[in-house]
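You will see chain A twice below: alongside chain B first, and alongside chain C after that.
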Partner chain A sequence: MIENNDKISRHQLCTLLIINLFGTTSLTLPRYGAEAAGTDGWIAILGAVALACLFVFVITRLTKRFPDSTFVEFTEKIVTKPVAIAISLVLCGLLIVFSALELRMFGEIVKQTLLNRTPLGVITATMLLTVVYSARKGYECRARMAEIFIFLIFIPIIILILFAIPQVDLHNLGPIFTTSPKEVVTGSVQISMKFSVLILLLVGGSFLAKDQRKHVGRSVILAVILVGIVDILLFFLTMGSFGETGTVESLWPVMNLMQIIDIPILEIERQDALMMVFWILTEFTLINEYVFFAGIILQKIFRKRSHRKFLLPLVPVIFILSFIPPGVMETFAWMDAVYFWTGILFLLPIPLLLLLISKGRGLKEDGYDQSY
Partner chain B sequence: MIRTHTRKNIITVSMSNVLDQNIQNYEMLLQDCDDVVKRLMPLEGDGGFRIYISYIDVMVDRRVIEESLLEQFLAYTHQQHMQTPTNKSFITFLKDSGVATADVKESDDFNAVISAVLSGDTILFIENSSKALIVATRAWPNRGVGTTETEKVVRGPKEAFSETIRFNTILIRRRIRDTRLKVKQKQMGVRSKTDIALMYMEDLVRPDILQEVQRRLSLYDIDSVMETGTIEQLIEDKWYSPFPQLQFTERPDKAASAILEGRIVVVVDTTPFVLILPATLNSFLQASEDYYNRWGISSFIRVLRYIAMFLALCTPGLYIALTTFHPAMVPSSLIFSIAASRQGVPFYATVEVILMELAFELLREAGLRLPTAVGHTVGIVGGLIIGQAAVEANIASPIVVIVVSITAIASFSIPNDSMVSAIRLCKYWIIFLSAILGLYGFMLAMLTILIHLTGLRSFGIPYLSPFAFRGVNQGEDLKDSIVRMPIFTMKRRPIYSQPGHRKRLYSRVDTWSEREDWDAAETHEMEAREESRQDD
Partner chain C sequence: MINRIKRLLALSMALLLLTGCWDKIEINELAFVIALGIDMEEDGRYTVTCVIPNLPVYTGKEGGAQDEAKYTKTASASTITGAYKELTTRLNKELNFEHMEALVLGDSLFQDPDKLKQLANHVDRNAQYSKKIPVLAAKGKAADVLEAPTTDANAVGQYISGIYENNASSIIRHFEVSLQEFISKMSGEEINFLLPMVLLEEEEISIENAMVLKDGRNSGIMELKDMERYSWLRNFTTGLEYPLSLSHGVVSMEIEESKCKYGYAMDAEGRLTISLSIEAYAKIGEYAFDRGDDLAEESIRNEIERLASEQIKSDVTTMLAAMQTVYQADICGLNEDMKFQNKKLYLETQDIWQDVFANANFAVDAEVTVRRIGITK
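Showing the complex of A and B:
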C-alpha cells in the first residue's frame, strides 16, 4: 500500500510555500512598499524578492546537506546539542508568537469584514481548533490540501483582481525613479523580512520524498518569484487606485481595493467579504504551518515519535497569547517587530553560519546531492 | 446434550468406517431438520450394500439426482452378472462410473459433508467406507438475472447482479475472458457460512492491497454476512468517517471495468450488490454510462455532477449564512425579494431550513419503503400539498422550498447512494456551523470536511486522488475525473493498478493530428497495400 509516511513531493512543498508567502505578503505589501519608497515601491518589492531568493539559496544549500534531518537534528551535529536546542527553542517560540499574532490578525479581519457582532474569541478559538485538527493529520495531508487550495485561492482572487484593473489611474503610478537608492535598498531589506515564512524550509526540507530532492532550490525560487510577481501586480493596482497617500494610510490596502471594485454580473456590494471567504483558506494554511512546525520542532527536541501530543497543549498558549495585543494597530506593530527579528536572525545569518561551519567541518549526510 | 460444535462452529464428530455410526451421527446433527431428505437405500446386489443418500429439498436439482444418481444405482443393482465389488472399488465405481456428473468429490471430513448438504449438494454415505461422496447438485432458488434497479442507464447493458454468487461471478467472467481473472472463494460467517469471492486480475491488482483485504477479512468471526454492507463496515479504513470507503454496484459492467482498472471486487452470496475496492471520491462520481457516451457529453455531465455535489452539500448552509449574516453579499434586488417572501414566516431562517430539510428527508424515507403505487402518492402529498400549503400557511418561505428542492435534485444526480448519504450527513454539519458563524462558519465547515478527506484513505489509496495527489501516475488520472477525456487519450490505468502494468491502450495512430486525418491514413494504407500487391 501507499503508506502514510509524511513524505511530500517538491511540487507540494512549493504549493504550500506559494500559499503561505501569498498569505503573509499580499494583503499588506503594497502598504510597506509605498511606505518605504513611494511610487518606487515596486523596485523595493523587486529587491525584496531578490533578497528572498538569496535566503532560499542559502537555506536550501544547508538543508540539502542533511536531507533526512530537520533543523533541530542537523544543528545539533553542526554546533553542539545545547546550542542546537537553544536555537530551536527560540525558533519554536517565534513560531508560536507568529501563530498567535497571525490568529489575532485573522480574527480582527474576519470580525471587521464578516462577523461584526461575534466575539473575537469565538472566531479565533474555532480557527485554532480547525488548525490543530489539520496539523494533527501530518504534513502529507496538509500538502494535499494545499494542492486543492491553490485553485480555490488563486483563481477567484485573480478574477477579482482583474476587475480592479479599470480602477487604476495611471497618473498615480508616476513618477518613478525619484527615491534615493539608499531608501529603496533599506525598503527592500525591510520588506524582505516579510518573507520570513521561508525559515520553515529549514524544518520542512526533511519531509521531501527521496526522489524529489533534486533541484529543490530552483523550484522554491520559482515559487518565490511567482509570488513576487503577484505582489508587484497588486502594488501597481493599489497604488494606481488609491495613490501614495491612500495606500500608506490603509491597513489592508488590498482589502480596500476589493471594496471599490465593480463586478459586472454579480451586483453585490461586499466584494471584500467575498474575497475574505477565499482569504480564510490562505490564513488557515499559514497559521496551520506555524502551529504544525512548532509541534514538529518540539517533537524533535523532546525526541518523541509523533508531533501530535504537542499540538493540543499549544492551543491555550496560542489562544491566550493572541489576546495580549490591545488592538489591531499594536498587533501590527508587534508583528512587524517579530517579523523583523525572525528575519534578522533566521533568514540569513543563522543558516549561513551553519552552512559555513558544516562546509568547513565537511559535515553532510548520505544522499546529499549537488544539483541546484 | 452432547456438545457437537466448537465455538467457531466446527463439528467435532468425525467420520467412521461403519455406515450405521455415520448415519447415527448425521441424523443426530440434523435432528428436527425436516427440510433435509434422508434415505437409506439397500442396493440389491450380491453383497447387499446399503448407501445412504441425503439432500435438502428444493435446494437441489432433482433431475440431476434422479438421472445421474438414482437411475445409475438402479441400473447397477440389475447388473446381476457383475462381480461383487469390494468396498473400495465400489466407492471408486460410484465416483468413476456410477455417477453421471462431473462434479463429484470424496471427503472424509464431517464438516465438509455437512456444509455440502447445507449448500445444496447431495451426499452419499457408503457401507464400510469412512469417505462420503459429495455430488454437486446445487440449484438454489433464484430470480435469474434481472435488470438494474438502482443504477439505470439509457445506453449500456441492462443486466444486473442477482442473489446467487455463481451467477454474479459468471456475469463478470463473461466480460473478461482471461485466465488471469482470478476468483478466490471463501466462506464468511460462522453460522451463515456465506460464500464470498474476491475477483481480481492477477497481474493488475496491487499485491499489497490484495493482501490487506485478505488480512482484514480474516480478522473477524462474525455470525452471519447477509449483505455486502456487513463486510464493508468490517473492513473499511475509518469507521467514523461519514464517507463511504468502498463502492457498491449492481452492474456487472461496472464491476468488470473496475477489475480491469486493477481494483478488487468482492462478491457475496445472497445479495445483488458487489463491493469494489479501493474507492476514491472521484470513483463515486463516475457512472458506467460516462464511458459509453461520447466524451463531450460525458465531460459535461461529470462537471454537472461535481456542481451537483457542491450544491447538495452547500445550498442550505450558504442560504443561511448569506441571508442571516451577510445580506450585503447577495445582489440587492434578490435580497429584497427574499425579505419580502419571508414576511410573515414566524421562524428564523435556520429553523425554517432545518424544518424543511427534515420534512424532505421524511418524504424521501417514506417514499423509499412504500410500495410503488403508494409511493407516488407520497410524492404528490409531499411535494404538492405540503410544499405549497406550507408556503401558503406562512410556515416556510418559497425561497426555502426552492433551496430544499435544489438540494434534493442535486443529491439525486449523484450516481452512488452511499455518497449521497455522506453528503446528506455533512450537509447538517455545514448548516450548523453556518447558522452560528455565518460565511466564516461555512468555510470552517468546508475546511473540516476537506481536512477529513485529505487524511482519508481507502486501502492505502488517498481518497482525494487524483485531485490532491496529482504527481502520481504521470497525472494521467485527471483525464478521468472532473472531465472524461476521449477514450483514445486514456492510455494508462488509474492509480489502483500495479505500477508497471498500467498501459491499457496501445494505438497505431500516435498523435491527435494523425487521428484527425483518419481517412487519409486509411487511404494511405490501402494504397500501400495495392502497391505491394502489384509488386507481387
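Showing the complex of A and C:
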C-alpha cells in the first residue's frame, strides 16, 4: 500500500460514500420515515433520495470545474479570500461537530447494547484515537480500507434482509397512500437532510485521480440510489415487523430488527451483537471521514504541507464536544439541528451559488471534464 | 529515536486497551436466567422468579440429583428493575438474561392493564432480553409453574421452548407469541389478542389453551377445541387433526393447508357484512368403511369433503359468534386485514371498530379438497 498517494478511483469514492451514507441513515431512517408519513414513509424516503441526487448533481458539477483544487482553494477563486475562509471555517466547524455527535451516538449505542459497564469516555476515546490514527494516513489508505469493509458491511445487511422477510406482517404496511402530499413532501425534505454526509464530496472531489473523473457524477448518483433502495427495504422490514407505533417509538429500529431475526445456523441469542459489526465499521469510516476532512480544510486555510499536525489537536476538542449533550435524546436533537443547518447551507444553496458564480465568471481549471 | 518512542507508546496503549475488556465477567460469575416468571401481588408489587441452572450439576461436572440441576430466586418490588436490584442482595452472581428461553406471566397480571403495559415497556426498553423468546400466561402463579419438575434435566424455560421447537405439526406452534409480538400488541391502541397458556397439572407442564385479552385484561380462556375453530380464521390449520363423524365411523383428516379470504361490505343500514371463504386441503389418516367401499370412489370422497365443509362452516360460525358475544373483541385482527382489502371502509371504521365488529354479520363458505389418502385405497 502506498501511503499519502492521496488519489483514489471513482469506484473507491463511491464505496466510501455508500459506507458513509449507511452510517448516517441505516439505523434510524425507518423511524424518521414513519414519523414523517406513517405507512407512507417509504414515499418520503424516495423523495429524499431524489433530492439527494439533486444535491449530488450540483456538488459534482461544481467540483468537476476545479478537479485539482480542494473546497478552500476553489472557493477562494470564486469569491473573495476572506469569504472563502469564513465559509470553509464554518464547514470545518460543522464537520467537527458532526464527528463529536456521531462519536457520542456510537458510544451511547455500544454502551446500551454491548458494554454497559464500560465508561462512555473509554468507548469514545478508543474509537477517536483509532480514527485519528487512520486519518493521519491519507485518503488512499481510507479508500482501500473501505474496499475491504464494504464486504464486511454488506454481507450482514443481506443476511439481515433475507432473514427478516419472514417476520414481516403485511398488514402493518397498510393502509397506503393515506398521508397528505404536504406531509410527504415535508418529510422528504427533512429526511434529505440526513444525507448531509454528501457535503464531503465538496472536499473529497479533488482526491479523484485524473483518469477517473469521467462520469463521476453518474457513479455517485448510482451510489446514492443504491443506499436509498436499501434504506427503503429496511423501512419496509421494520414497519412490517413492528408496525407504525413500534417503529416510531424505537430509537434505533433496525437494531431491534436485528434482535428478532432467526438465523437457523447461528445458535446464539445475542445475534444483534454480531450484526452490529457492520454498523461499527460504518461509524468508524464516517467519523474518520469527518476528522480527515476537517484536517484537510485547516491545512488549506493555514497553507501547511500536511494535514497531520491538525489532527491531534482536534482529539480533545472532539472528545469534549461529544460530552456536551446531557443525554441520548439531546444528542438526537442536536444531530437533527446540525443536519438541518448543514443541509440548509451546504447541500444546495452554497454549492449552487458557487456553481452559478463560477459559470458566470467562466472560472474553471484545465482538467475540467464536461461529461456527466 | 523519537519515532521509535512514539511507536512504542502507541503499541503500549494498544496493548493496554486490547488485552482485556472493561465489561469482562467470568462465566462462573454469571447467573444465566433460563426462564423468568412475573406475578403481581395484591398490593400491586411485581414478584419476579428467575430459574437459574446450577451449571456444575447441570453439565455433569459435579454429581447431584436432577432437581438440584436448577434453582429459583424470587424477589418483589414495585418495579421489575427494583426486583432485580433486590435479588442482587441475595445472589452471588450477576444476572444474565441473554440465554432466557421463556417468559411466563402470572394470571394476576391480566387484571391490571397498566401493570401489564409497564411490564411490556420494561422488556422493550432493555436490550438484554432476546425478543424471540415465547411469552405465555400461567394459570395461577408463574412461580409455581417455574418451580415444577420437568421430565428431563432441562429447566422449565428450555422445556417450554422445546415444546414449541420440536412439535412443528402441532397447532400450538401457530399460537406462539414471541416477546417482540407481545410488545407490539401491547403498544397498540386496542390490546386484543390471544396469549398461549402454560398449565401445571399433576406436576406436568403443558401448553394448552389460550388466554383471550381484551383491552389488556383477561376476557376468557379459549380451550383447545375453540383454538382449533379459531385457527381457520388465521390459516393456522397446517397439521390440524380434524375428525369427521360418519354413520359408520370416524374419518381422521389432517389439514395440510387452508386459506381464508375475507370480503368486507357495508350495507345500506350501515351494518358491516364480512364474508369468509375458506379453502382447505386435507389428507385422510384413518377411514373405516363398509366392505366394498374405498376412497378411490369419487362419490365417497365428495361426501367426506361435503361433510367436512359443513363442519368447518359450523365451527367458524360458532367461533365468530363467540368473538362477538363471549370475548367481545376482535381477536382476529379483521380490521387489519381490511387495510388492503377495503381501504375506504377501514378508514371509516377504524375509530369505532369494536362497535362495528360487535354488530357485524358474517357469511361463511368453506370448501375442502381431499388431496391425499395415504398409501392404500
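Here is the rule we use: the second predicted complex is superposed on the first by the 368 of 372 C-alpha atoms of A that agree within 3 Å, B and C clash if a C-alpha of one lies under 4 Å from a C-alpha of the other, contacts with A are read in each partner's own complex, and residues count from 1 in each chain.
Note that in this section contacts are C-beta pairs under 8 Å (C-beta built on N, C-alpha and C of every residue); 3 or more make two chains touch, one makes a residue touch a chain.
Bear in mind the structure is a predicted one, so any value in this text is a computation, not a measurement.
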item: Which of chain B and chain C A:Arg144 touches, first, second, both or neither; value: first
item: Which of chain B and chain C A:Asp211 touches, first, second, both or neither; value: neither
item: Contacts of A:Ile260 with chain B and chain C, given as first, second, both or neither; value: second
item: First, second, both or neither for A:Glu249, with chain B first and chain C second; value: second
item: Which of chain B and chain C A:Val122 touches, first, second, both or neither; value: both
item: Chain B versus chain C as contact partner of A:Ile280, first or second or both or neither; value: first
item: Which of chain B and chain C A:Gly174 touches, first, second, both or neither; value: second
item: Residues on chain A lying within both footprints (that of chain B and that of chain C); value: 114-115, 118, 122, 126, 133, 269-270
item: Contacting residues of chain A [partner chain B, same complex]; value: 1-4, 9, 11-12, 110, 114-115, 118, 122-123, 126-127, 130, 133-134, 137-138, 141-142, 144-145, 147-148, 266-270, 273-274, 276-277, 280-281, 284
item: Residue numbers on chain C that touch chain A, as the complex places them; value: 10, 13, 17, 21-23, 98-100, 124, 127, 130-132, 178, 180, 183-184, 187-188, 333, 336-337, 339-340, 343, 346-347
item: Chain A residues touching chain C - in the complex, by the definition given at the top; value: 112-119, 122, 126, 129, 133, 170-172, 174-176, 178, 241-243, 245-246, 249, 256, 259-260, 262, 269-270, 272
item: Residues of chain B defined as touching chain A within the complex; value: 206, 208-209, 212, 325-326, 328-333, 437-441, 443-444, 447-448, 450-451, 454-455, 457, 459-462, 464, 467-471
